[in-house]
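A, B, C and D are the chain letters, set down in written order, and residue numbers restart from 1 in every chain.
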């Protein structure tokens, strides 16, 4: 399979990767320029050509990397990420729907999978996810329970914010971000004075949960750090103990009778 | 008491617990659907039947667990939590008051006591409470003292926000969450220019207190983490010392005269 | 001086302290009730009597503690805190100025100096102050420099927010708290489109400084924690080393020639 | 070169540095006073004279320090900072443009390079920069991608906030600071109900990225701290091991055969 090996050499080459990064950046630039109506009237045709060309290059690149690695290609989640983004672009390139065409922009996120330091950042972020999954689920539960209750309580008083479960969920998300909650709560409190109980409890509970979500991420990161430090220390201390055992000064952990001082008996 | 033992086997069974989780989720779903007036007109009767059935299942479940564990049942705070929620639902199911009927939704919080990972999160949150109790009390004191003063100062200038102690407390809570304080402070400062002194001091003091509340939680969590790490190390080092003592190389801590080198005397 | 000794016994007694805490709480309650005009019309006279009585009790208490401890009384900053608050109340009790009379409320802050757990919280907060003093000074410098520049730039465009240095400082403080800055920036940007440069730089710089202020407090608190942990470890390891030195197995740090193995020579 | 040496003695003298700090502070004061129109009418001439004098002193100071240190002067970035600020002031002093004249105020930032504790704070802040560079780049990428998409989606619905890429970027920065996003999102959602998908994803993603930016800074600072602690410990443990090796009790790491107990063979 010399062709496959040569393809792999090509695909893994630094210059090839720099070239792809350059094409992604160029694609981002042209998509950015397409937001300008003035430019679109003048060089819109040209920008579309560039856009289609870059898409062609991406398709070729993915095909080459797939060919080079075979089915192992899909074991790396970053490859799946690239494949989905480019495949998605191909599908939408055909369609005429303007919303889908705008989603082409997501292609530029390929910078994340292509630039190694970006990859590391995202991998670091994702590592925090398992630690926060149950807190996030708890937050979801809180919003759902509070949402049903708030809809029942306030839908006649403030139909704009609490008209149905969807509107209430959005409003509760807004309150959780701490944005403009007094403008929502004060008019309601004028008609239902005890409503402050609901808002106070919801704000305290939800911000405490968000706080703990943050803390879980912080602790995870600090833990990673201190563990590296103490691991080094632990290894040093264990090595020291091993040395003493080798010198016959300390009992071996396996033999239980070795707890009597070894030195006395052996020396005299 | 073979019946009691068999009940305990049933209640502790994984499938029984999954069934209860399913019923809670179903109950949450139907209560959520009840927020839709369109659905209530069509299948409202059905939703009420499901609601009453799930409540019946919960009552039966609590009764079984109570019977299985006897009075030990109430020693576990999570059981008390379940008991209160279901008992509360029973009471309100009879009543006609719409507000109380809405509080049925709290029943869905039983998910927290039933799903183990949720329980852990809540137990983690509660563990932080003792560490922050005195800071929370301090915050309460700050709001009370600032509230009395602000009411006296501003009640004639801004009766909406500072009309009486209750309104002022709500306003100060709002300012503490950092939400819309300029809209409150600026109109007052137009009539009482030195009012900025009060707002500046209150914002600095209260946000510093809130910050310390957060930090207390963070430090508690990090401490938990690092303690686990250093405990392992400490045990290793102490074990090492114990080994040396057993080998007669280090003096035993109890005998104070053992500080003289033991080895010299015993070997020669 | 048996009278002084007996006074000290009285003043240090747990019951005496509980009594004072009770009086402070009662004072806080009556001052809170005084915010109600309805109550003031009915039992205002009575509330004033209670207020004056509690002030009398405080004066007596401070006098007793002063007498008991002599001039050492003023060495404890908490005593100075009490003395100033009560002395201040005495001065304002005579005056007729309503603002000063409201400041009586500060007396309730004596709860902080009287309840031990509150004292600890405040002492913890104050311990963080030296670590953040230079960052706070930097923040002050940033606000001053940005304030002079913003006044010069925007005073003709937005005289309400940037009319003079005092108004600008308040506005910049508001922006630093992240509250309502778009409502300030957008109207200015309509007349001076490049103003976004100023706002962007100011928001990034000031929030980065505030973030570092927070971090300094967090690090201080975590450091305190981990230091306690590692100190214990360090003591254990150093004790171990000391043991080995006592056993003649390790060279003493002072004698440089002791680096040759001691054991070989002494045993054979 | 005795003149150069004497200049260096002068420039490094504590009193010379205090004098310069005083001149900077005086300059800041006069520039602050210049914001007052009332004062400018009366003593504006005098303030300008003071301003020009202080600028002259700064030029002389920089010249002296340059002369004293030769070309090494520019190796210290703080000197470059001073040089640029003063040089910039010289350039703008000639010009008549009011905006440039206001930038003179930046001169007062020289306090940062002159006061040692301020320098330390800034150096601490800058040390955090490499750790957050890739997260900041990621944030930039997110804003760019979201910006192009939001411009395409919303420019016809909300031309004020999403009219072109510049306006959208500003709006997205505003939403990232969590300020007033509901006022932007709600009117759009009235015309394009699915817009909540965009806002929800953008808020979650951008605030998660900002959170990680904060955490990177916190972890960096905590790491610095704990590393100092564990380094001390590690040194102590390694010293202990070295002692045991010197005593022949532990094998030297280089000789692989030394793993057999040394003591037994040598003593008997």
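Annotations
Heads up, the rule we're going with is that contacts are C-beta pairs under 8 Å (C-beta built on N, C-alpha and C of every residue); 3 or more make two chains touch, one makes a residue touch a chain.
Here the structure is a predicted model, which is why all the values come from computation and not from measurement.
In summary, the pair chain C and chain D forms a contact in which the copies contribute largely different residue numbers, shared numbers making up under half of all those used.
Set against the C-alpha centre of chain D, every other chain centre is closer than that of B. A separation of 38 Å divides the Cα centre of chain A from that of chain C.
With centres defined as mean CA coordinates, chain B is found 27 Å away from chain A. Residues of chain D found to touch two or more other chains are 178-180, 218, 222, 226, 230, 233, 237, 240, 244, 249, 263, 267. Those residues of chain C that touch chain D in the complex are listed here as 134-135, 137-138, 141, 144-145, 148-149, 151-153, 155, 164-165, 178-183, 189, 196, 200, 203, 207-209, 211-212, 215-216, 218-219, 222-223, 226-227, 230, 233-234, 237-238, 240-241, 244-245, 249-251, 259-264, 267-268.
Residues of chain C touching chain B in their complex: 28, 31-32, 34-36, 98-99, 102-103, 105-106, 108-109, 111-112, 117-118, 120-122, 124-125, 128, 170, 173-174, 177-180, 214, 217-218, 221-222, 225-226, 229-230, 232-233, 236-237, 239-240, 243-244, 246-249, 263, 266-267.
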